[in-house]
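Order of writing sets the chain letters: A, B, C and D. Residues in each chain are counted from 1.
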Amino acid sequence: MPDNLALARLDLAIANRIVSVEGIIDAFGHVSMRHPSRPDRYLISRSRSPELVEAADILEYTLDSEPVKPLPKGIRGYGELVIHGEIYKARPDVNAVAHHHGMAFLPFCNSGEELVPLYHMGAQIGPKVPFWDSRDEFGDTNLLVLKPEEGRSLARALGRHWLVLMRRHGATVAARNLTELVFRTIYSYRNAELQLTTRTLGHPLSPLTPGEQRLAWERNLEPRPQARAWEYWSIRLRKAGQYPAGPKTRAKPAARRRAAKTRTARGKRR
Amino acid sequence: MPDNLALARLDLAIANRIVSVEGIIDAFGHVSMRHPSRPDRYLISRSRSPELVEAADILEYTLDSEPVKPLPKGIRGYGELVIHGEIYKARPDVNAVAHHHGMAFLPFCNSGEELVPLYHMGAQIGPKVPFWDSRDEFGDTNLLVLKPEEGRSLARALGRHWLVLMRRHGATVAARNLTELVFRTIYSYRNAELQLTTRTLGHPLSPLTPGEQRLAWERNLEPRPQARAWEYWSIRLRKAGQYPAGPKTRAKPAARRRAAKTRTARGKRR
Amino acid sequence: MPDNLALARLDLAIANRIVSVEGIIDAFGHVSMRHPSRPDRYLISRSRSPELVEAADILEYTLDSEPVKPLPKGIRGYGELVIHGEIYKARPDVNAVAHHHGMAFLPFCNSGEELVPLYHMGAQIGPKVPFWDSRDEFGDTNLLVLKPEEGRSLARALGRHWLVLMRRHGATVAARNLTELVFRTIYSYRNAELQLTTRTLGHPLSPLTPGEQRLAWERNLEPRPQARAWEYWSIRLRKAGQYPAGPKTRAKPAARRRAAKTRTARGKRR
Amino acid sequence: MPDNLALARLDLAIANRIVSVEGIIDAFGHVSMRHPSRPDRYLISRSRSPELVEAADILEYTLDSEPVKPLPKGIRGYGELVIHGEIYKARPDVNAVAHHHGMAFLPFCNSGEELVPLYHMGAQIGPKVPFWDSRDEFGDTNLLVLKPEEGRSLARALGRHWLVLMRRHGATVAARNLTELVFRTIYSYRNAELQLTTRTLGHPLSPLTPGEQRLAWERNLEPRPQARAWEYWSIRLRKAGQYPAGPKTRAKPAARRRAAKTRTARGKRR
């Protein structure tokens, strides 16, 4: 299905740029998705900042994080590919992954303070946010997740959750599809910002109850709020002059809408 | 009066976009106004982010939050319409309502710390800002205000005030007209930002006296400051390339000015 | 000297816009200068937000804050003109005044915490920053400075200083000329931001010694740093597409440069 | 090598603008590099704000901070040149220097709180960040580093480190080449922002171990992350419409790439 793959690459470029323009990813960090028709592969940009990614930059990798085709001369892949590959291996329900060092997350990554859901959109952090510390298994490193065993260790820490904080490093977010990934990356970040600000008031935090967290989480993932948020972020991207160049099929709105439906449906089926 | 209605829809699109571009509403939240000639109806966009709303997106609802005409195929309304409908029912003096999750309000919504007026523009929070907690009457929910009884409960909590904080959710602002709504939404937000910052200094807060609050509130609602602020925000919107597309009558500045007068006068008469 | 007056009006529009675009003044606040050749008059915009002021909006007032010519139909002046008029009366060495409600100043206006100079640019707050509280002499008001006696009271509080904080309201900045006014408005604001941030660390503040404050103040007001900062802010204004429309004389760079020299020299003579 | 010098001037203008547009340098501050073929000289702009610097503004100085050619009429150099000259003299391994008053650094400069590396990118502050206080040797001054002995004193405080905090003033950053300078200026700043935010949570900080700091530092300086970050910041500069005008050689991408390689290689050799 070449059309689907071309649209997936464009969508992935859009997702890369949204989380950058909305202020979460800077020069470093990366966003991937599982291949739309080959679940044993994933798609991710060549090594460049997510804000700059074009559809043409998207490469295919096996779940062992080996490139499916040899990379063209002069092209390099990201160093931390195993974050993505090992999570896709361990979690068949995950179809999209983002790794970032967002400045509102890092105080939690550094201090070890637990993230808790403080408003209904913050329910997207999930019922629990585990921590991973490279020091526990690997001692002094450059903090990056470079070796397969480091990736597997991180995937184990993520477990069946959707967000894992990495001590002195950053965060990794997982989702059933690309739309949910962008949604969860942004709203987990807003909740972190909120927790930072609320803490300055000095009162005890009032987190959502487990029941509220679950109900709000489910509501947020319904098609209407998902579509509304995606429209909002992608139009903002376009207005900011940051929309990626795309395949010719973009010119056929009907095909595009069908593909978008597929994208949402794919997530829903799982 | 088709012209008045067309202008009202354009003004409502402008108001939606101002509170978004000024940083208070993101993908979610909504802004409505009472129908200019049918007080038993209100106007509000179809379900989309306020920053994107066009005059053509504005739909008419009864105060029971039923669409006056069946929605076109593929068009959905907002989920939380009853916030608007139930407040318009309970408060004949209210002609415009905004609901948002602004990040500077949420720490108060979470912690329950009372908002107090800290400078003359902050007088726009009103003499008192009540709280509403969905948990009190409805237990664990997804936090949204979806059912008529939830909307009525929120309207009761608002009472005769102009702003109500919703625990672990956001805020709802009421006003006599659209200009005042934008004004109050923005300046109540600035006061919340100020309270957050002032609290970090660790001194006791020095709120306005009740007399100062009342006198500053009245002054702020006079035609001159209202017109000055609306001019400021709407020109900023235009300069940011975010002005909505509008009806042809926009091309007649004289008619536009008359309508603006009507808009202010309408607020004043009540 | 009609040319000088035309240039003064353009410069004043630029100054109004710089302090807005740099984030200090929003819809409200105002910036004035003494008339370039009639020290018994001052120039200030008609009532509109400083970010929008054009040279054509600048009106002339006597020091009693009476318009020199009747205002055109439909044009209104600012409400708080006496802030400017009474300071120009009381301080012949002051030739430019700004009044604002900048969000980094307001925590000090509310709490009464003293502003102290924390870095060399912060020396521009002056050796001491007095407070004025409308409540002391006038009891409950709408906080605005509307009556001549209120303006005189504020001018007395300013005394021989260059910045006065107004409790629960904002700040008024004075300077020898327009360039210095913009400079002092911006760098006193940066010092307030710095004091807010430094305070969160919980250490005692390390202010400049009186000698350091005086030496840094004098250095900052030398022609080179003044010209460098004015070039920076005015080019930023132009790049942001916010430069005011001006008189035709702007097209003559040589004349413009001479006028700029006059402007600086004028300040220096005092 | 006129081409190399022309490219160096363009690169230096780009570096000046990047650190400004990324929010670290405002009207004041300056960025220099050692002459590409004459290590006894350095390049720095005439006195103007770094955000405005063009390649044509770059002047040559001896390490005694004397201009190699008399400055053109009306052109002035920066006041604090000795910061650059004295560091180049004392540190043959340093080929680029930035001096700034970034608002996230100043709370540390004021309070004397030690900067510590809190995430892998923050490793770029180096193993230790020394302080310099002009008061220690020179008593009350205007805080600026104007005299050769003041520059030498600062260079001694920097010692063999790469960043020195200047009490009540700002910071000076050193690097082996221009790319590293921009990288270190930006990521040391992000680490300062992070330390400020983390401190508000009230937990003990969890800095990198010395081993982690060293390993992350080395990794960050490898060609791939250095090239990726430079691409990111320079494309952002271009998209923001802030790219400097440059020499004609910019039109030859191949030559440009070769020069970039030289630039990186130069740093690597040391």
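Note that in this section a residue touches a chain if its C-beta (ideal position, glycine included) is under 8 Å from a C-beta of that chain, and two chains touch if they have at least 3 such contacts.
If you're wondering where the values come from, they're calculated on a predicted model, not measured in any experiment.
Shared contacts of chain A and chain D, meaning chains that touch the two of them, come down to nothing at all.
Counting the residue numbers that touch the partner chain, chain B and chain C have less than half of them in common.
Centroid analysis (C-alpha atoms only) places B farthest from chain D. One finds 47 Å separating the Cα centroids of chain A and chain C. Computed centre separation for the pair chain C/chain D is 33 angstrom, with centres defined by C-alpha atoms. Contact with two or more other chains is made by residues 200 of chain A.
Taken pair by pair, the chains that touch are A-B, A-D, B-C, C-D. Of all residues in chain A, those touching chain D in their complex are 26-28, 47-49, 51-52, 76, 79, 101, 103-104, 106-107, 109-113, 135, 139-144, 167-170, 196, 199-200, 241-242. Of all residues in chain B, those touching chain C in their complex are 118-121, 190, 193-194, 197-198, 200-206, 208-209, 211-212, 215-216, 218-219, 224-225, 228-229, 231-233, 235-236, 239.
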